[in-house]
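These are the structures in question, set out in turn.
After this come two complexes, each holding subunit A, first together with subunit B and then together with subunit C.
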Partner chain A sequence: MGGASQLFKTDLEGLDRLIRKLRSGGYVVYGPVKQGRSWFFLEIDSVKQVDLNYVRTVLPPKKLLHPPREKLFEFKLDDGFEVSEKPTPSAVALFGVHPCDLKAIERQDEFFSQTPEDPYYLARRRNTLIIGLTCTRVDENCFCLSRGTGPEVSTGFDILITDVGNGYLLEPGSAKGLELLKSLGFQEAGDEYLEAKQKLIEELKKSFTKHMPSEGLAELAKSLLDHEVWKETAERCLSCGNCSLVCPTCYCFDVYDVLELNLRSGVRVRELDSCQLLEYAEVALGGNFRRNRFQRLRHWMLCKFGAAGGGLYSSCVGCGRCIVYCPASIDLTEVAGRLRGGG
Partner chain B sequence: MNPYVPRIAVIESIVDETPDIKTFRLRITDGGFSFVPGQFVMVSVLGVGESAISISSHPDDAEKFIEISVRKVGNVTGSLFRLKPGDKVGVRGPFGNGWPVDKAVGKDLLIVGGGCGQGALRPLILDVLRHRDRYGRVEILYGARTPQDLMFKYEHDVWASVPQGCLLLTVDRVPPGVEWKHNVGVVTRLFEHVTVDPANSLVCICGPEIMMHFAVKGLLSMGFKGDQIYLSMERRMKCGVGKCGHCQIGGKYVCKDGPIFTYEELKLEPDKIL
Partner chain C sequence: MKLKVGVFKFTSCSGCQVELIRMNEQLPELLNLVEFKYWAMASSKLEDGPYDLALVEGAISTPECIEEVKAIREKSRVLVALGDCAVTGGVPSIRNWMSQREAETIVYPKPGCIRSTRVYGIDEYVKVDYYLKGCPPRLENILEVFKAVILGVKPRLRQHPVCVECKFYENECLLTTYKQPCMGPVTAAGCGAICPNVGRVCEGCYGPMSDPNIASMVERLKEIGLSDDEILRKFRKYAGMSKLYREVAKL
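Moving on to the complex of A and B:
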């Protein structure tokens, strides 16, 4: 290649053409839409519906790649039974995904690619095009900088959009993304666009007020299983499971059968689950190895610190959702701080 | 291949082991099956659900059949108990790692079972019987609640006749009128009769976690090291393939990293009785 990859520039109208092009190419396009005080990834047909200045959505894009509920297969119970699968995902384009969520998707990609591969997730992922969006602002609950997951990203997207003030910088992150940008006839961006982006990133980096550095945290947390912070924090925890449902790296699910009223056919379903719920770790005859609330809270936080569960795959990307949506104002960065000896 | 879709198996025969444990012999209808001792399968009664159950037969028979020994404890196992020979169930797997049969070659083996944990140990015991020369001295300790709750009673004479080995049985209590010539007390009470050499042996344990806790304690004080003690762990499983998260013990997945762990591997993990 000799030098940096091709860069493009466009204006708001150009972004609208991009969305229309995706839709005419068979993609269902989702983007961050503001409703009330919150943002949601909703189906869009124009950039006008999107808030390019958003902070974070309530649910991460996980809801489209690892949906809250999905059918694994159908079964019929006639003579014995027969099982049929139906994995036919439609093509989806995620428009305007922030760096923390891009990193989370990368981790889920790797997690679900482990042997044996998860065919449902991967089929959906292969049919998904991802258009990232550099953040324009940081709020008091963002801490991607200290997690090494933002505000700058170099992978995890097909195209990355950055608002540089007087236009949009478009960086291809895959062959598919490059092809798409070329096909739209966007002009090449000069160095001033990259410089403007760098300036924005530097400004963003200065605005972080919350931090939870990864260095040594997993080992430290694992060595402090008896620390008082677990029980103290659990005093406030409601075990509602919000933290894990809004977490972009939480992947745990329950599996159950639903039988039709005719008692002859049914479906096996999987549904997002939470280790914060009492039933999650129940075993035969009423046994439960995480019966105490502090054990469930500790397990989830250890998982987010990279010391339990899926390790790095399920560890925290610093999006701040669990803090925003905790009804008991529990903040895992404060717990990490306590473990590090502060407070 | 979709790891979530079960294969169809036909129940060929059912043995009543105890008042609440049955052994089901299953024939997989669509071709081959192979496993190693200590692995488990996910057994489906479609419309009810799926449970993780250890395979209790020997791998050499897997082309013809596998057996699972099931205690009736919930919805899925309760439904299994209502099935008859000829009925069909779903089977996924085998999953998990298995007993350290290769590491055990040339070593003494101490096999400690409690309750229906003996189901997961039977493939190992059958391997000793079929390949006696692979192992050194083999001592089998097995405890249950009452004499009626002992599984595989029809095989105990064979287990007990293993050359250079022994079978020691114990029960928690003997109901009035039941004849019992073996020991009474928890399974760790049998440790005083153990003669395998801690320096050159492996221990394989499966039973309720509280029993394994006391067994490990006893074994460590006898001079066994944590990495010689293999434990088959029970945790809830929904997928069996390391995805659903339910079976996590700290950072370990029982379905994928286990179900068999050395005590050394587990001792620092949270949320266990061990």
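Moving on to the complex of A and C:
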């Protein structure tokens, strides 16, 4: 989208105006806020609360589109069977989403738009405006470059913000984004802004130390189901599920009913699940397709390598979260490296 | 027909029963469904079985308890271990790691008349249908069992680790980010991650989750600087007598 004619620029105050404008337009705005030693997407009312140099949040913005736990509907059994649907979700603006997470949202969008569509996800997604943010730094666990999911992005946002040093470049990615930028009266940015961004991205690309190229990885992993790396890594794996719960592309969920004590009404709940958990592949009478820990770890990684049933929808975008939050320091890029014959 | 329920207590602090009493405004609704035939903490009117559902709190620690719990099993269609003490022996079971005599002398000024056995959860002696883990189990989970027994379905009691619920609340990870000895990765969920939610490590009070990787957890705790002795105490504290932990707890 775009074309050089449609670029805008602003300063920090301008970003603040953007946030205020969204809020007065009925959006609940979420941005990356630092608390303790970590960042979180939290509700914000000013750019001052936001850390524009953040690296990654604990949970990806997925938490607002495909929440860890949500009430789908309420039901009641009287003469008939009554179901009360959820009201339309409120409008949400995600401010400051990094490229890897933007790509992950695109994959979730595609996944939940397949037949049968997921009305809960799509209702929220339709009411969501996304403001991307080019990273200003990468850490030792970022590897979007080798996944083709960053640090440059051209889709997946309504507006993309880039800090070019002496100001912010604003690129619209949708008609809605363009309209918003125009309505705020931001000045058009000259080509020097784009050039500055390009330079910045080239610099950023040099600082990546972790890599997990996609080329042939899915096929390779599928052909090496008996590789020793699976069992070796599983010896350390705690089956805690942290890796998949923080992953921006893991979408698997469980659905269950919670009955009231009157046993006539209740709620249907959907909750994130994880294939790393023993219960995930359990079927009637206690049967289980992945009883062994290594089978579960292998399945999860195959999925992230793009080799599971979900194909690319759930594959890795290189955000590094699963590595940072694995209590056993398990690193899927190392496993991929072993499969490729290194180490 | 209301469900006939008995609530029984062995070696325990009664906290699990208190959790049940704490249901307050839900009590009238529950009383539409069940009839407490035997619950000494709530009523002095105690009726003999048979019971549709027996909730048994407490560990088994004397020869008398063994006979009593067997009698309760005989009279009950569904028997539930209510809380850690009944599930694995719980906190009282820490006395299993010292001599019987020593424990008795510490607690009683004149231990002469005390006759105690090694402390076990009730399934050492009787068949248990459902386990309500926790110290205490959360009311929500206790009510889940009532509802499931009435409807004749399996209760939905979480066996996956606390980390799952902890991530739902997006807590900063105490183990990975702060190098604190959080037992979340090996501990069964169901508590709602209430300790990590307030910035405190999981103490492991729900006992082992369905498939804990104990050897790896021990390594993780060593990595962050815990001594062998501290690690031992971590596993003994609530569920050292559980079949999964007995080895690491060095029974």
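Keep this in mind: the second predicted complex is superposed on the first by the 336 of 343 C-alpha atoms of A that agree within 3 Å, B and C clash if a C-alpha of one lies under 4 Å from a C-alpha of the other, contacts with A are read in each partner's own complex, and residues count from 1 in each chain.
FYI, contacts are C-beta pairs under 8 Å (C-beta built on N, C-alpha and C of every residue); 3 or more make two chains touch, one makes a residue touch a chain.
Please read these numbers as outputs of a predicted model, since none were measured by experiment.
By the document's definition of touching, neither partner reaches A:L312: not subunit B, not subunit C.
When both complexes are overlaid on chain A, the residue A:L263 reaches subunit B and subunit C alike. More residues of subunit A lie in contact with B than with the other chain of the pair subunit B and subunit C. Look at A:C240: by the touch rule set out above, it reaches subunit C but stays clear of subunit B.
Applying the stated contact rule after C-alpha superposition, one finds that A:L225 touches subunit B and leaves subunit C untouched. Applying the stated contact rule after C-alpha superposition, one finds that A:F40 touches subunit C and leaves subunit B untouched. When the shared chain is aligned, subunit B comes close enough to touch A:A281, but subunit C does not. Shared contact residues on subunit A (touching subunit B in one structure, subunit C in the other): 256, 259, 263. On the side of subunit B, the complex with subunit A involves touching residues 1-6, 8, 10, 46-50, 71, 73-74, 77, 87-88, 90, 209, 234-236, 238-239, 241-246, 248-251, 268, 270-273. The residues of subunit A lying in touch with subunit B in their complex are 72-73, 75, 77, 80-83, 85, 87, 111-112, 114, 116-120, 222, 225, 251-257, 259, 263, 266, 268, 270, 273, 275, 280-285, 287, 289-290, 295, 298-299, 302-303, 307-311. Chain contact summary for the complex, subunit C toward subunit A: residues 26, 29-30, 32-33, 143, 146-147, 150-151, 156, 159-161, 163-164, 167-168, 170-173, 175-178, 184-186, 210-213, 215-217, 219-220.
Those residues of subunit A that touch subunit C in the complex are listed here as 35-38, 40, 58-59, 63, 68-69, 235-242, 245-246, 256, 259-263, 271-272, 274, 277-279, 293, 324-328.
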